[in-house]
Structures are given as structure tokens and as C-alpha cells.
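Two complexes are shown next, each including chain A; its partner changes from chain B in the first to chain C in the second.
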Partner chain A sequence: MEKVLNINLKVWRQANPEVAGRFEEYKVETSPDSSFLEMFDVLNEQLINSGQEPVAFDHDCREGICGMCSMVINGRPHGPKKAVTTCQLHMRSFNDGDTVVVEPWRADAFPVIKDLTVNRSSFDKIIASGGYISVNTGNAVDANSMLIPKDDADTAFEAATCIGCGACVSACKNASAMLFVGAKVTQLATLPQGKAEREKRVVAMVNAMDAEGFGACSNTGACAAECPKGIPLSVIATLNKEYTKAKMKGF
Partner chain B sequence: MKFLSFLFTSSIGRKLVMGATGLFLVSFLLVHCGINACVFVNDGGETFNAAADFMSENFFIRVAEIGLFLGLLWHVFQGLYLWLTNSKKRKAKYDKASGNENSKWYSRSMGLLGTLILIFLVLHLKHFWVVSRFTDHITSGDETLFQEMIEVFENPWVVLIYVLGCISLAYHLLHGFWSAFHTLGIDHKTYTPIIKSIGTAFSIVIPLIFALMPIAMHLGWIS
Partner chain C sequence: MSLDSKIPKGDLANKWTEYKSSVPLVNPANKRNMEVIVVGTGLAGASAASTLAELGYKVKAFCFQDSPRRAHSIAAQGGINAAKNYQNDGDSTYRLFYDTIKGGDYRSREGNVHRLAEVSTNIIDQCVAQGVPFAREYGGTLSNRSFGGVQVQRTFYAAGQTGQQLLLGAYSALERQIGLGNVEMFARHEMLDVVKIDGVARGIIAKNLITGELERHFGHAVVLCTGGYGNVFYLSTNAMGSNVTAAWKAHKQGAMMANPCFTQIHPTCIPVSGAHQSKLTLMSESLRNDGRIWVPKKEGDDRNPNDIPEDERDYYLERRYPAFGNLVPRDVASRAAKERCDAGFGVGPSKMAVYLDFKYNLMNKYGKAEATKKGIANPDEDTLIALGKDVIKEKYGNLFDMYKQITDENPYETPMRIYPAVHYTMGGLWVDYELQTNVPGLYALGEANFSDHGANRLGASALMQGLADGYFVIPYTLGSYLSKDIRTASMPTDHESFDKAEKEVAARIEKLMSIKGTKSVESFHRRLGLIMWNKCGMARNAPDLKDAIAEIKALRAEFWSDVRIPGTDKGYNPELDKAGRVADFLELGELMCVDALSREESCGGHFREEFQTPEGEAKRDDDNYMYVASWESKAEGEWELHKENLEYENVKIAQRSYK
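== the complex of A and B ==
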């Protein structure tokens, strides 16, 4: 017979941003091969069948690239595994009879919408403030007409793997968004296309980050340790450097 | 000077101040530790008193002292402000905290460790700085600074507080030394590991030398 795991869930339930939330306890029978979100699908079917309100949670691609899923599982954003999103976490990472506490991202800049879903439009506002290149790039040019050293391409690509999920903010004791902003600034400032606007961009993005109510970084490294894409802490040093240079130039 | 206002208004500017003043205070620790280590010569305080006299009479050292206090106050107040504001960015707390899974406790406790050091510092300044600068106890030749140290460290409670102060300093430096460079934008695949190693050595050796002074004097190893 196929192995079955009995999981005791303690899930944050909150009807809307205005009311106080509370934890509810549920029991779910699940396959070890099921993903964490599929386990939640089973829970929601149980809840619907018994006439209760299903748990609201964010999800989209379910293949670890969209950055929508956002659960703090036993105190860890995206659960106990390294460099894995909630949707790619499987129930085989848990034992039969485990009690699993599931909470939403917690930060004043990410207010709860309902249950486990939070409003992450503060990230959108940071991107809208300058996280792009405002030139018409036209047709793709010949690859050899713009020489980019391999190291720079690798640094930019590594930073560009950020999916903007917000795990960094949820892990940080200061609810700081500097790993996210650092990743975007590093990605754009390392490549020739992004260099033209680097000063204006970094100042605008840091201003937006501060205005949205994120905290200041204290280099604990929790963000990089919990990042599902393994964005390194060094992007924050790059952000600090880019910002200070821009400020000294009068931007 | 308007372009420098970011040091007071932006998150990165404020952190920059913490890193720069922190490294400035690290340079002071090195000098302070070097001078004080003269007590280990164990010549009845002759070498140490000569060094202390030089420090108290040299014009440039006196000017640097003003800079030191300004740097210290900036570090303290900016630090307390950041601690207070950062702690307000997550009003709804997690039910289950697991910070130890992703970071070191001392890196998350810089505000607390700094406050413990500050409390120690108030006592420490009262013991030696106030006595030597604002009373004629030392200058009148009644007693040397070395004799004052021997006297102060007769009290076992004072020795205990000094040792606890040094332990707080060690953990504060263990995160702060490397963190200051990172905040100043320095991250390099060759130099950062070197900075981290120097930081670890500094955080162990300097507080250890400091802590050994009250212990050695209390136990009569130095007299």
C-alpha cells in the first residue's frame, strides 16, 4: 500500500485586512510525493466538502519560477529546504504525525489580504520607480557588437534570477527589502544597457523602498539564506556602493 | 552640504554612518588596547604610566579625543534610532520564530549588545576618564593611573562587569567588523574572506586582552 502521511496543520486564518486573525488546526492525510501546495489543495477540498471557507493562498506556476507562493512554514519562508519555493517543497520533507505551522509573510509593507495571501504591491512600486531601462532597444543586435565580460554576464544573470517573492523581507528581522532591491540594481548596473541610468535608478528605487516602509539592512544574512533562488548577500554591498556613489555625484 | 543629508534621512545613508563610525571606533580600540597592554610588562606600571602620560599631554591626542566622542555619540544615537525604527517594521510577529536556522544570534542582537557595551562604558568612563580628566587625583601626583586601576579592580563585582562588557564587545565586533565593510560597499571574492578572518581574530584577541587586565590585577598577577 502507498505510504500516507498524517499531518497536523496550524494555519493562519484571517477573513480580511481589517479583522484580527487566529490560528486554526486541521488534520490532512497526504502522499509523501505531494507538493506542499497540493497538500493544501486536499485540505481545501475537505473544507469545501464540509461547508467551510477554503484557505486563501497565493500560487501560480507551481514550478518555482513565478514567485507567487508565499508561506512561512515552521518559521521558515518557503519551508525548511534550501533554495526551494513552497510549490517545489514536497511532503517527503516532513514526517508522519508532524505538526506544521503555516503563516503568511509578516511585514508592515506586506499587509495580509486574506489568510495566507499578502499584498506585495510595495515591490511593484519599487520596480515602477526605476527598475527598468527606459530606452527603445530596437532589434536584437549582433551578439559580438557589445562585448560583455563573462564575469559581468554571470553576476547580472545570477541577480536576475530573483523572482520577487518577498521571502527576503519575510525572513529579515528588520523586514528589509535590500536583497530584492540589491538584486534588481546589480542586474541592471552590471550590464551596458542599464549603466546609462544607474545613478538615477538606484536613488529612485531606494527612496521608494524607504517610502514603502521596509526596514534598514543589518547584514544578518537571513535573506540570502532563505532566498529560494540563492541570490547572494553581495548584491546588498553592490546596492550600498551604487547608492553612495550616486549620492556623492549629487543625484 | 545638502547632498550629504542622505546620511540622516535614507536607510542606506544611516547604515553607512554606522559602518564608518564603527570602523573609526575599531581604530580607537586598537590604540586603547595597545596602550593598556603595557600593564603586562609588570614593572609596577612604569611603562603604562609613561604611555598614559603621553596620551594625556599630547595635543593631537586631545583633539582626536573630541572626534572620538563625537563618533561614539553618532554611532550610539544612530544605532538606537535604527534599532527602534527597524523593530517597528513588523508589528504582527511570527508565531514560530526560527532565526537560528538562517543567521547568527549576535548578528540579530547588535542593538542589545551595543546597549550592554554602552552601560559598561558609562561605568568605565566614571572609573578612569572622569577621575583622570576632571579631578586632580592623578595630576596632583597622589596616585598614578596604574595604582587607580589596581584599586578599582580590587572589587570582584567590577571585574565581573568588565569581563561581561568585553564579552559583549567581542560578539558586537564579530558581526560588526565585517558588516561595516559590507555596508561601505566592499564585497570582493579575494578581500572579503580576508576581512572576515581579520575581523574574527580582532573580535577575539582585543576583548581578550582587555578582559585579562582586570582579571590579572584582581588575582594579583600584576602588581
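== the complex of A and C ==
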């Protein structure tokens, strides 16, 4: 027979941003091979069948790449496992009879929409402020006319793997977005194509970050510890360096 | 109704150049007064929206996720093709064109495919300029790998997350235009109908998914970039939200659906593990560069794969297709896996899986090369494995991690277990050379259209097509259309056509909410998926397809009388949104079966058991079926077939052979 786990869930329920939320308790029977979100599918099926409202939560790819899933599980964004998103966390990481507490991301810049769903559009606004290289379609030179040392390409790639999930913000006691911003700044400042706008970019992005209500960084490192893509703390150092340099140049 | 593909006359290699140099233009002052709606922000949509905005049009873009960056394109893994010939291995625009036509089993248009091959090189340049960090060699040049169905290395990649990097490039271009005020972005919005005025597409009705309110949006043209419909099978490698709704609404408004039964079943996916399963996970085709596919020679062999000696393994792809080996096209590889499993040679708990084994190349290809580089003489097996592992990790690390996460097995040590799964839909909205549907002003780009892949898509070609459509084709072709529309002022959305469309959308939502039945939306979706997989999947036959049509009709009737949707139509209600999508799948599924039944031949991914060669390969019928099957919606469950005949002037058609 297939093994089953009995899980006691405490889930944050909040009908909309205007009303207060509270924890509700549920019991779910799940297979250890289920993903955490498939366990929530089972819960929701149960709720629907008994005439209750299912829990609203964000998800799409369920492959750890779109950055949409976002649950704080037993106090940790994306749960107990290192370098794993909520959707890639499997129930075999839990034991029969465990109580699991599930909450939405908590940050002023990410207001709750409903239950476990939050609004992260502030991240898009930061990118719109300068997280790009200004090149119109059709203006590009031959791709191999620009040689990029493999180490630089690798550094840029590593930073570019950020999925924009917001776990770093949720993990930070100040709700700082420095890891997210640092990742984009590092990617683009490392590549020769991105150097022309580096000063303008970093200042614009930091200003946007402040305007969106994210907090200051106090170097606790909680962000990198919880980042499902292993974005290293060094991107924050790069961000600080880029910012200081830009400011000194009068940007 | 006649279908004009509008392929320009003249030499194949000059068609696009001539089109571009003679196409009418819109002057900059007029562009500022013209509004374009782009639905979808995947590779096709983000590239189209940003490029059109750069040109000066006023763009409104829509997606149902919380951010344009999360479109399903983000999940593409293996890579993107381009005829750069950087490897000097004999690649050319013609070869990419030819491979694609042949790979598609001679069911796509020469003109479109050649254009795709031509612009493929511009895509790589554009992406690099945006800062997309493709894999590179130590000398600083771009790196390439091979994909199925070809004998050159033309695939550009960024580890196993190429789609992510390409989409983030297109997304950053889009966000730049949003920041500049040239694009207005509507995230968490779902398009629920196309609005036509005097037969021309003039806007959409969209639902704000957070407030539940319906909105009206005007556009001089509407561009649908809404992705594929593989989720009609319930289990697929698509993202959970991927759906057919936008394309289906367009279809109900008169746009034809072309070749809807052409579905790609991808050979290398993690097998189904249990009833809880909500989706299937792809293991990129790029893995077939270094992984060898096999099953035990002995039926029901339960030994640990590492204990099965070489001579007791059947590397069936290498055996059956020596010229292409493990890199045969997807349809061929999938059928071969099914054949072995059906014959009783499958592995794993369900016996519906085959092995994808990296050990040989890990040791012999990479391990030995690294040992030589490091000057290690006569390395032992453990050293070779350790050295090779690092190389494999760099190429496919994220895929191996994902495999381990899902199956709890370590693919560096034990062969992966894989099985085919639904992955991509070649069929889609019918479009002409200009990517315009048969409804004037309504365009379809990316996976949402049917255009370039015939009956089977080659790996790494969807990303190429999405970006070709968005960056390099639509800016010209839409300009041609809009140049004739410059006298049309933006229309107010209180026009009666908007009234009518909004009322109909609202009525349908009300009807869904009023059913108050007993079964969840999910349960209907699962049941539909099972019918589709069993009867319109990897192998099809007439009696099954007829059954499937009857079963889908019955299931649809049951849905409309017994579905239970909790909550209200006010505010955020994901169950209601899902119900609308499943309702559309319940209509599309029927059309797919109708199309599969009417195509009495096998070609590419469409395998009719009645039509096969003695070796079990797909047997085409070029005399009777060398056409695009375009279906016009007449009433619910009723369609009329229109045929667009395919003409091959440059390629000699032949039976596909990968032996």
C-alpha cells in the first residue's frame, strides 16, 4: 500500500486586504511523494467538497522557476529545505503527525490579497526603473563580436537565476529587497553590454526600491540563507560598491 | 471561406527581404495615435509588446499571472536554435529550414519556415545585447549543443534554464517600455473575449482577477500571444495556468483553429508517480546529448539498473535509428518508448518508464577529457566519474537537482527513469504569412498559432519561433495592416459591440456560478485529461476517437449541470477562473478528436494506428492530406473544415528517415 502522512495544518486565512486574518486548522492525508502544493490541492478539494472556500495561493510552473509560489512554512519562506521553492518541496521532508504552519510573505511592500496570495508588483516597478539594458530591437551587433570571459558570463548567469519570488524580502526582518536588486545589478554590471548604463541603473533601482517601501539592509544574511536559487550575499556587496561609485561620480 | 496564406511570390530566399522592403509603413506621428492590445507576455508577447512600443505604438499588455515575468516561457529548459554556424559544422539558413520542414513531417509552409530560419540569427544577437547570459567557452565565444532531429550543433543555451534567461531579457525590454510610459501593463487580468466591430477586431473584454470586474479595452489591432493548450490533457509539462481560453474565444468569434490534433508528446519526462499528481516535469531534450536511452533486454527485469551488464541492455534508439541514435525527433523517440513499455520491457514501479543513463558519457566523454586536461594518466573509474560529474553538473545541474527533488533518486549515480508526456501543441489559431488570423486585425503569435512546426516541432524551435514572431515579424506585418487604418480614431468603449460582448461574458460567469453542483472543477479536468490521453494521445484510432467525442460531449453536459464553484463572482476567485478555462478545454478536446478522426494518415506526432509502415513508422498520405486542416466554428460541437493546401517548391518530399 502507498504510504500516507497525516499532516495537521494551520493556515492563514484572510478574505481580502481590508479584513483581519486568522489561522485555521485542517487535517490532510497525503502521499510522501506529493509536493507541498499537491498537498494543498488535496486540502482544497476537501474544502470544496465540504462546501467551504478553498485556500487561495499563487503558483504556476510548479518547477521552481516562475517564482510565483510563495508560502512561509513553519516560519521559513519556502520551508525547511535549502535552495528549494515551495512547489519543489516534497512531503517526504515531513513526518506523519507533524503540525505545519503556513503563512503568506510578510512585508509592507507585499500586501496580502487573499489568504496566502500577496501583491509583489513592487518588484516589477523596480525593474521598470532601470533593470535592463537600453537596446531597441534591431540594434544588436553579431553576438560573437563581443567576447565575454567565461568567468564573467558565469557570474552574470548565477545572478540572473533570481526568480523574483520575494523570499529574501520575507526572510528579512527589515523587509529589504537588497538581494533581489543586487542580483540584477550584478548581472548587468558584470557584462560588457551593461556597463554603459551602470551608474544610472543602480541609482534608479535603489531609489525605486526605497520608494516602494522596502527596508534597509542590516547584513543579517537571512535573505541569502532562504533564497531558493542560492543567490549569494556577494551581490549585495556589489550593489553597495556600484551605488557608492555612482554616487561619487555625481549620479 | 477561402484561406489565403499570403505567401509572397518569388524566390524562397528572397520572399521575406522583398516583403520587408516593399511593406507600407506608418509614419511616426501616426504611430502615436494607434493602439495595440497584446495579450500574453511570454516570449512572443513580451517581445512583441516591447518592440511595438519602441516603434511608437501605444501598447496595452495583459497576462493572468501576477507579473509578466512569470509567463510559461520561463520554464523552457534546453535551448534555442539559430543558424549561426558558429561551430563551423555545416549549418546554414537552408539547413535549419530543411530540418524544420522535415522534422515537421512535411506539414508546414515553406515560406514561413524559411523566414524563421533567416531571422533566427538576429534573435541571438538581440538577446546577447540585452544581457542574456548564454553559456560560453573559455575563449569568450558562445557555446552550442545539439538537439533532436539534426546533425549540427546550433542550439544556444543557458544551463537548463534557457527560457528563463530569454524571457527575463524580453521582460526587461518590456519593463523598460512600461517605465517609459509606452506600454500599459495589466497583470492578473484574463482576456475573456475579442470584441469585433464591423467584422474587425477592435478590442477585448478582460477580467480583473483580483476585483472580479470586467473591463473593456480598445485596440486598433489585437495580438494574441497566449501560449499552447497542452493542459487539455490535464497532466502535461505546461504550467498549471496555461490554457486555451483566449484562443478559444477568438475561435468562437470566427478565427479558425488549424491542425488542433497536432500535439507533441515529449519523450523525456519524469513518469507519473501517483494519483496526487498535478503536473508532469520535463527533463530537457538536451539531456539526450549525453544520456543514452535503454531498457533491459529481458522482459520484467527487476534488477538495479547499475547491476545490469552492458550486453543485457537494449539501447533501442541506437539500434533502430543508427544515423541519429538518441537524437531522433521527439515523436519518433516517444513512440519507441511506448512500444518498448507496451511490449513489457518498461522499468520502475509502474513499468511505464525507460532509462536515460549518463554514466557512459560522464566517464568516457567528459571524465577522460578532464583527466587529459589535468594530466592524470590512467584514471580509475571513480576518478573519471568525479571529473565527469563536474562537467555534467555545469551543463544540466538544475535539471539533475529537480529530478532528485521530485523522485528522491540521485541521477548522477542511478539512471533517470523517464516516460513521454504532453508538452507542446503544434496546432493553434490559423494565421497567414503576416501572422494574421482570418479575422481582420486579430493576430496570433508564438505557441498560440499553428504556423511553423507542421506535425512535429523540433527541440529548441519554440523559443526561436516565439521571439522571431515578436521581435522580427510582427513589427513589419502589423505595420502593413495599421498603415491602412490610420484614419480610424480610437473608439470609445461604450460602442454597442463592447456592450454586447461584456454582457455575454457576464452571463457566462453568472451561469457558471449558478450551477452550484456537487463536483469540483478539478475533477472534471482530470476526467477530460484521461479521455484525451487514452484516446487522442500517442496513438489514435477511429473507434477510440469516436468514443472520445461522445464521452467529451457527455462530460461537458455533466460539467454544465453539476460543477461546484465556491465563493462569488466578486473579488478574487481562482476556482471560478479555472472553471472558465476547463469549460473551454471541454469544447477544444472535442475538436481535437474531430480533427484527429478526419486526418486518415499518420504524420509527425499524429499517429493513427491504422496507418503505419511495416516497421511501425508513421505513414503519411501526401496525395490526400497534404493540407492544413482549418476548422471554422459553426455552433457548439459543430465545425466546418477548410483546407489550405501545402505546396513544396523547394524541398523534395520524402518519407522521413532517421535510420
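FYI, the second predicted complex is superposed on the first by the 243 of 251 C-alpha atoms of A that agree within 3 Å, B and C clash if a C-alpha of one lies under 4 Å from a C-alpha of the other, contacts with A are read in each partner's own complex, and residues count from 1 in each chain.
To be clear about the criterion, contacts are C-beta pairs under 8 Å (C-beta built on N, C-alpha and C of every residue); 3 or more make two chains touch, one makes a residue touch a chain.
Note that the structure is a prediction, hence the values are computed from the model and not measured.
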{"item": "First, second, both or neither for A:234, with chain B first and chain C second", "value": "first"}
{"item": "First (chain B), second (chain C), both or neither touched by A:134", "value": "second"}
{"item": "Which of chain B and chain C A:108 touches, first, second, both or neither", "value": "first"}
{"item": "Contacts of A:146 with chain B and chain C, given as first, second, both or neither", "value": "second"}
{"item": "Which of chain B and chain C A:29 touches, first, second, both or neither", "value": "neither"}
{"item": "Chain B versus chain C, judged by how many residues of chain A each one touches", "value": "C"}
{"item": "Partner chain(s) touched by A:96 [first = chain B, second = chain C, both, neither]", "value": "neither"}
{"item": "Footprint overlap on chain A, comparing chain B with chain C", "value": "none"}
{"item": "Chain B-facing residues of chain A, complex", "value": "10, 12, 23, 72, 74-76, 80, 101, 103, 106-109, 112, 171, 173-176, 178, 206-207, 209-210, 213-222, 225-226, 233-234, 236-244, 247-248, 250"}
{"item": "Of chain C, residues touching chain A in the complex", "value": "47, 50-51, 54, 65-70, 72, 74-75, 84, 86, 122, 124-131, 133-142, 158-159, 161, 163-165, 168, 171-173, 175-176, 178-179, 185, 187, 210, 239-241, 273-274, 276-279, 281, 401-402, 405-406, 408, 471-472, 475, 520, 522-523, 564, 566-567, 571-572, 574-575"}
{"item": "Partner chain C, residues of chain A touching it in the complex", "value": "2, 15-16, 30-31, 33-35, 37-39, 41-42, 45, 47-49, 51-54, 56, 58-68, 83-84, 88, 90, 92, 113-114, 117, 119-121, 123-124, 127-144, 146-150, 153, 156-157, 160-161, 163-164, 187-188, 191, 193-194"}
{"item": "Chain B residues within the chain A interface of the complex", "value": "3, 6, 10-16, 82, 85-99, 101-104, 107-108, 110, 175, 178-179, 182-187"}
